[in-house]
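As written, the chains take the letters A, B, C, D and E, and residue 1 is the first residue of each chain.
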Amino acid sequence: MRSNLKMRGVFLAYDHGLEHGPTDFNEKNVSPQYILDIAKAAEVDALIMLKGDARAFYRRELGIPLILKLNGKTDLYKGEPFSTQNTSVQEAVKLGAAAVGYTIYFGSRYEKYMIREFGKIEEEAHSIGLPVVLWSYPRGQSIKNDESPDIVAYAARAAFELGADIVKLKYPSDDSNLNWIVKSAVATRVFLAGGKKLDEGNLEERLTKAAEAGFSGMAVGRNIWQSDSPVDRIRKIKEIFK
Amino acid sequence: MRSNLKMRGVFLAYDHGLEHGPTDFNEKNVSPQYILDIAKAAEVDALIMLKGDARAFYRRELGIPLILKLNGKTDLYKGEPFSTQNTSVQEAVKLGAAAVGYTIYFGSRYEKYMIREFGKIEEEAHSIGLPVVLWSYPRGQSIKNDESPDIVAYAARAAFELGADIVKLKYPSDDSNLNWIVKSAVATRVFLAGGKKLDEGNLEERLTKAAEAGFSGMAVGRNIWQSDSPVDRIRKIKEIFK
Amino acid sequence: MRSNLKMRGVFLAYDHGLEHGPTDFNEKNVSPQYILDIAKAAEVDALIMLKGDARAFYRRELGIPLILKLNGKTDLYKGEPFSTQNTSVQEAVKLGAAAVGYTIYFGSRYEKYMIREFGKIEEEAHSIGLPVVLWSYPRGQSIKNDESPDIVAYAARAAFELGADIVKLKYPSDDSNLNWIVKSAVATRVFLAGGKKLDEGNLEERLTKAAEAGFSGMAVGRNIWQSDSPVDRIRKIKEIFK
Amino acid sequence: MRSNLKMRGVFLAYDHGLEHGPTDFNEKNVSPQYILDIAKAAEVDALIMLKGDARAFYRRELGIPLILKLNGKTDLYKGEPFSTQNTSVQEAVKLGAAAVGYTIYFGSRYEKYMIREFGKIEEEAHSIGLPVVLWSYPRGQSIKNDESPDIVAYAARAAFELGADIVKLKYPSDDSNLNWIVKSAVATRVFLAGGKKLDEGNLEERLTKAAEAGFSGMAVGRNIWQSDSPVDRIRKIKEIFK
Amino acid sequence: MRSNLKMRGVFLAYDHGLEHGPTDFNEKNVSPQYILDIAKAAEVDALIMLKGDARAFYRRELGIPLILKLNGKTDLYKGEPFSTQNTSVQEAVKLGAAAVGYTIYFGSRYEKYMIREFGKIEEEAHSIGLPVVLWSYPRGQSIKNDESPDIVAYAARAAFELGADIVKLKYPSDDSNLNWIVKSAVATRVFLAGGKKLDEGNLEERLTKAAEAGFSGMAVGRNIWQSDSPVDRIRKIKEIFK
């Protein structure tokens, strides 16, 4: 099996329904169809969805590579975070995915079980040629500041050591040495996570710095589908990571 | 395999024996036969039972589609809720079920394990053509008000993201925007849970609002089989969701 | 495979060695052979044992159906009760058992794991024609009075919902409506658990009431093998449940 | 497969390296070879070792039956004891073992998981003809005195109920009724555990009492290989249990 | 399968990326390529890496035996340590490894689960001819001083009992009887762990003592790749353990 995932550019993320509930959505973007339309029009490099969305809306014929997210949790439980697998690698294959995604909350009391679960996914996915994307998010009581450059670089490195092809990271609070994060990830491509909607200038400045430092792209959600001009915004970001 | 489940209408629920004990029952409705007789006479769109009831009373030849509930718990334990699987998907097939059901208590400390268990059930059931119904009930110490519209909409959305065909939800305490719940569920059909017995007028008003907002039906138990005219009540509800 | 278990009468229970240690025993009844001799002489309807006893003493040729108890625990640990499976269904088949038994402590913090384990046993046993007996014992910090009629009726109902053929229950502290317990169990046959040795008159009065209320039999241990006339006592109980 | 284990006599135990560290050892007995030499010279009835020792030193051709211990723990962790399986039954077969051994700490918070794990081992070993030895050691916060005669008798009985062929027990603090322990174990052969090194007279007195009460032998370690005349001591004990 | 691992000499360790994050690295040694270049130039006896590094950089044709580390954790979580398996033995084979490595934190509340996991790995690896290296590190609340000679000797012994071919140990705070550690490990080869960078004289003194006491080699990381003359330092250590 050959994956059609491009390891660079803009990935349009839409897993917020499970992670946050529909509170991020409005009348338009509450539907995955709206997201698919944007993805198609803007020619995003990949679309990130959960199994429910993919089953109902995704078709490989759309020509947009799908990264199927295999684990998830709600934000209703407030204790130490543990995002468990809800979708098998075989299901990703059935749904036509070009890659699979998984979140590890490093530093959580449950880190150990996510590392183990990810380990199996990584091997199964790679054994059939599917790239693996790791949401590498230090979180939990042990983590005082998940945006400190050291913590972000640690998250990048852990993803590489565990075999991820792509790592999705938060933008660090101090961006004076973004390249160190990229170097820490070695052969793993570094993508920026989007986070809350930022004003456009602010976002572009960040992305430009990241791209110059060697980041390969951005996995972006709210900043796109909460925007009035989503296709334009994607194109601008694509331009930055060309 | 083709399921004969209609994704709309009235589902007659009768899993209270494990969840609450026989305290909800009287001399008549303590027997599943009484429920089956109502179901047959009123032509309900589906019957919801556990394995024990189905093994002893259900026959596919009755012409009433069965939704077999695969997990459950008593209300005797008062800690964080975790409803574990007691019935396999293969057993549902043996018992002639048209669909399977599962409860996730989102927000519970055990949410993570229910998400994982449901994930496997969802894939196995769908792989053989059985629809999946999710009882999507936020509950546990983290949940202050499980009837708030935001929480109910979150429950609807989580069900969609995880691949449920039908989600069973509580009626929100504020019903000014029921349609948002339906939209949040996207392609997952939304059914109202019954809850404690209400007076008839009150119930009909709620159902009419729900139907107008796009709800597909109701999964109702005590409001029917504790009633003096169960068949009539079902017919009225069926009329509302026609 | 056809089970030779009769769903009625007197089951002679002898699983006290693991549950309580030999403290219940004397020089005679410390040996399973003594129990087998009684069982044979009194023609009990079934014998209840654990794997160790059955392996050493039981032979199908004895003509006494064996109910092999698949889980158990000591009373040395004082925390929330969890009785785990120590014997497989396949082992029950090898040992010539006519049925399998399992205890669930409803209300315990570990209820959820016993429900799950029992669920698998129930399906495997039934798939090869072995009846399933559930020791349905509410217990743990949440249970204030495990002899209240409501709790006993709940235990009966839960056993039915989970697919048990026979449920073993405590005698309720208030016996004014024993028939409600039987009705709550629906198609599951209700057997009385024995408990500590009672004087004979007291026991017979209870059993007569239970039999009149529709109980199918008694699973009795200490009241028999601690008695000076065990065979007579069994025969009297058999008479009551004829 | 036929086991060559004799169910009587002296078993030379040498699993102290994992359980206590090398603190029990001196320059000679730190090596398993020294133990094997003693075993050979004294013609012990069995040798007890862990996988590491057996792989490096044991050969079936030595003519000494091997009891391979399948679980173990260090004494570094001070919480409730849980000795987990580190060796499979299949590995015992590969290493030429004549029997397998397992410890259950009855009364521990983890008793339930050891009972479950032992249950599987017991069935797998017996299915291929390997006898099973249970180290039956009540321990943990619930156990006030693990040498009380009641507790030792309980340990004996639990081993029988769970299917052990041989049970290894502590010597009770009150030895006025040792035969009750033997009777409690029914068909399971009772072996005395050695414990700390005792003076020779003291030990012989105990063993003679135990043998007269029906104990089948002794599993002895430190009392032998910390002694200046290990072969003589074994021969004396063998004489007692002839 | 025949392993090409030499059981003696210098193993170059580079698993710090997951264990500590990139904080140990500089612009050069942040890349596994730099480590491989050193390994090649200095002809180390083995290279220790995690799956991510091996997948991206290691080729069997390099002629340097690979010890693939199968478990790991970050230092972000501060509770009782539990390093879980993230790589299967089969993956080690695919990646061309000559041996596998695993860490057990003896004394941790999770010791029991690491012993169990290691037990399976040990058997699977040995069944296909792969040697097994154990990082034997007492750690957790129960361990007051993990450098005390008794604790280090215990760690050595436990590794032997569990079947490790090589054990990696800390240098004890009191080195007056290093040979006791070697004897405690019996047939398991003892390697010194490196730890923080030491000045060269200090390190050489330690290594010489260790070699004289019977240690087989050193697994060294920071002391090499943080050094200005890594190849020279390796050669000096190789000389010591020749």
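Basically, a contact is a pair of C-beta atoms (placed from the backbone, for glycine too) under 8 Å apart; a residue touches a chain by one contact, two chains touch by 3 or more.
What you see is a predicted model; the values in this text were computed from it and never measured.
Novice: Touching subunit A and subunit E alike: which chains?
Specialist: none
Novice: Among the remaining chains, which ones contact both subunit A and subunit D?
Specialist: Both-contact set = E.
Novice: Express in whole angstrom the distance between the two chain centres, defined as the mean CA positions of subunit C and subunit E.
Specialist: Centre separation, subunit C to subunit E: 55 Å.
Novice: If you average the CA atoms of subunit A and of subunit B, how far apart do the two points sit, in angstrom?
Specialist: 34
Novice: In subunit D, what residues contact two or more other chains?
Specialist: Counting only residues that touch two or more other chains, subunit D contributes none.
Novice: Give the list of subunit C residues in touch with subunit D in this complex.
Specialist: Per the stated touch rule, the residues are 15, 17-18, 21-23, 25, 27, 30-32, 50-53, 55-57, 72-74, 76-79, 82-88, 90-91, 110.
Novice: Touching subunit A in the complex: which residues of subunit B?
Specialist: By the definition above, subunit B touches subunit A via 106-109, 111-113, 115-116, 118-120, 122-123, 126, 138, 140, 142-143, 150-151, 153-154, 156-164, 180, 183-184, 186-188.
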